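Two complexes follow with subunit A in common, the first pairing it with subunit B and the second with subunit C.
This part shows the complex of A and B:
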């Protein structure tokens, strides 16, 4: 494929695929409760995720190893088992939350309780994984995700004060409810720096047979795509801050968040919100399911690949089949999707240190990345991100108890 | 090994320490409840208003109004435990009014009666202002 076309498609799909249930929930809650005060958390998370995604892609292109493969090979199975178990557990919670997001979107439109949608949604995810290809999932669903740009259009239509937006870039503590503020900040970072992104991205790159020629493409997709993608997340926060915050509405459920776009776009605003939530969560659910199947198959040395026929990668296909079905059960029993989302985002931060720490070794190991080793800027950002990951992992649970 | 034990011990005690340091006072808890009541009352108002203008579908309006009522009932239960005396009496009275008004709005939505919704929406706005004023008053030292 022509490189420019590939970069353009990569950027578009990064923007369309940026939002997921966690990003929508945390940004809406942040905007409705604290106005623009948590913009800095989205910006900080975006910078970290740009660098980590770029490194995952560079590792895959330069070494032909997925992240999971490289960690297992370089550190041994006794080390890799820790991030593996943690990742599978977090993926399970996140997948249930994503399925919940799709179910809620359907509930908003039809009025039929989200629990009834759990199994049909799980089936739709499974059939697409079973019959579809990686290209369809990466490009097709993520391109549909461009509908989430509606939050950016709404932002422009609402004319936010640039001075106040600028003030949100600098971290400040609110006068009250500090623990809840910090909990939301941790959840935003957990939603943005999702470990599944790195495993999924590197597996996709290996499946698409990236080599050194793709280093530039990777850099553009990670930098520009993720950078613009974060604008969608900022859009959700800003719209919530402008529409819900002044009225005193705190987003405690998706039904409240659904009102965000009705003042700007009327009935279509409501439909566009439901469509954005549904498509973003559906796309993310496909990625999380695949991610779990990728890392499990890569750990045990099974055949893997979304583009392979299920018969050629039977155990890989079995993993996502079981996983999707089990995750849908959490919604079937009626667990609150928003609370599950916030909980799983906080738990995600616990798994960050063992997932991010190996980057420091792998991305400086000549036998893996050769001449494409990290420079001092990338290493500085990586060390900062690792330190941040440790802090987040330590404070996540106390903040969940006190401020969640 | 000893150092590791100290670190683990410290890590386990951190939540307890933070919880103890940040335990909110009874007044803070009541204030938080008032904010939640205000949030759900305003949600019900916004949903009713949006339904009247045809900006949201009827099934969504019904579900969300039911949810708002359910949340307000939960708040009433909580306030019965946390607030006391005159304060409790006033707050429960407001919650009762809100509950009645949201029931009227729900009924209008159920019957698709666009004329019947205007009056309870107006009264709901007045109740919201009263709850909001109480929340602000609770912020005063």
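This part shows the complex of A and C:
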């Protein structure tokens, strides 16, 4: 395919795929409770995720290894088992939360309780994985995700004050609710630095047969795509800050978050919010289900590939089939989707150290990435991210208990 | 060649480039008055779990023998069948003809093909 077209498509899908249930929920909560004060957390998370996604793609293009393959090979099963179990567990919670996001969107539009939607939504996800190809999922579904740009559009219509926005770029502590503020900051970072992205992205790159020629394409997609994607997240935060914060509405359910677009779009704002939430979560649910099947199959060396017919990769296809329906059970029994989302974001941060630490070794190992190994800038950002991951992992649970 | 770095835990592919598992274990043969000889690459869940904990290995063997394909014997690939050690380890075998894919085939025939669109 033409390189420019590929980059454009990649950037579009990154923008469309950037938002998921965690990003929407944490940004909405941050904006409604603390105004612009947590903008810095989104910017910080974005920088970390850009670098990590770029590295996952570069690893795949230079070494033809997925991240999961490379970690097991380089560190052996005795280490790899830790990030593996952590990742499958977190994927399970996040998938349930994403399915919950789609169900809530359907509830907002139809009035029928989200629990009733759990199985139909799981079935829709499964049928797309069963029948679809990687191209359909990467390009088709994420391009639909461009509807989330309504948050950016609404931001412009609401004319936020630039000086106040600028003040949010630097981290400051609020006068009250400090622990809750820190808890949301941690949740934002947990939502943006999602480990499933790295495994998924590197598997997709190997499935699309990337080689060294794609190093530049990869850098553009990761940098520009994820960069623009985070603008959508910022849009959610700013709109929540402008619409919900002055009215004193705190987002403790998605129904309240749905009000944020009504000021700009009237009744249609409600529908647009539901559509954005539903599509963003549906796309993310596809990615998380696939991610789990990818890493389990890669752990044991089974045949894998989303574009293969299920009978060519029986064990791989069985993993996502079982996983999607099991995760939907959490919604079927009526666990609150928003609570589950915030909880799984905090748990995600716990798993970050074992997932991110191997990057430091792999991305500097000539036998994997050859001449494309990290330079001092990427290594500095990586070491900073690892330190951040350790801090987040240590403070996440105490903050969850005190401030969550 | 560095056995642990280049072979252990690497992807195994058969002569049709189909994935047949990972190099879960490496077996050396000890001989009297001679240096040890590389004998086999071992493939299978019990071998892999045995590297984590013997109890896990016993559980997985019991599980694999009781359910589904009722097969838990690891596949031993003689070192002479190894063609190339690179990104993957290429072996001169027909994956479908070995026991490495017993479970894949069992699931394909008994589960996947029963689901609409899977046949």
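Everything below uses one rule, namely that the second predicted complex is superposed on the first by the 404 of 404 C-alpha atoms of A that agree within 3 Å, B and C clash if a C-alpha of one lies under 4 Å from a C-alpha of the other, contacts with A are read in each partner's own complex, and residues count from 1 in each chain.
Rule of thumb we're sticking to: a residue touches a chain if its C-beta (ideal position, glycine included) is under 8 Å from a C-beta of that chain, and two chains touch if they have at least 3 such contacts.
Being a predicted model, the structure only gives us computed values, none of them experimental.
Enquirer: Determine, under the contact definition given at the top, whether A:256 touches first (subunit B), second (subunit C), both, or neither.
Expert: first
Enquirer: Could you say whether A:107 touches subunit B, subunit C, both of them, or neither, answering first, second, both or neither?
Expert: Once the two structures are laid over each other on A, A:107 reaches subunit B alone.
Enquirer: Considering only the touch criterion stated at the top, classify A:300 as touching first (subunit B), second (subunit C), both, or neither.
Expert: So A:300 only meets subunit C here.
Enquirer: Now for A:383: first (subunit B), second (subunit C), both, or neither, which partner does it touch?
Expert: Neither partner.
Enquirer: Of the partners subunit B and subunit C, which touch A:65 in the superposed model: first, second, both, neither?
Expert: Only subunit C; A:65 stays clear of subunit B.
Enquirer: Would you sort A:131 into first (subunit B), second (subunit C), both or neither based on which partner it touches?
Expert: Touch partner of A:131: subunit C, not subunit B.
Enquirer: What part of subunit A is shared between its subunit B contacts and its subunit C contacts?
Expert: none
Enquirer: In the complex, go through subunit A and note every residue touching subunit C.
Expert: On the subunit A side, the touching residues are 63-65, 69, 72-74, 76-78, 80-81, 130-131, 299-304, 310-311, 314-315, 317-318, 321, 367.
Enquirer: Touching residues of subunit C toward subunit A in the complex: what are they?
Expert: Checking each residue of subunit C against subunit A gives 4-5, 8-12, 18-22, 24, 43, 45, 48, 51-52, 87, 103-105, 107-108, 111-113, 115, 117-119.
Enquirer: Spell out the part of subunit B that touches subunit A in their complex, as residue ranges.
Expert: On the subunit B side, the touching residues are 11, 14-15, 18-19, 22, 35-36, 38-39, 42-43, 46-47, 50, 53-60, 62-64, 67, 71, 132.
Enquirer: Enumerate the contact residues on subunit A facing subunit B in the complex.
Expert: 107-112, 178-179, 247-250, 252-253, 255-256, 258-259, 262, 266-267, 269-270, 394, 397-399, 401-402
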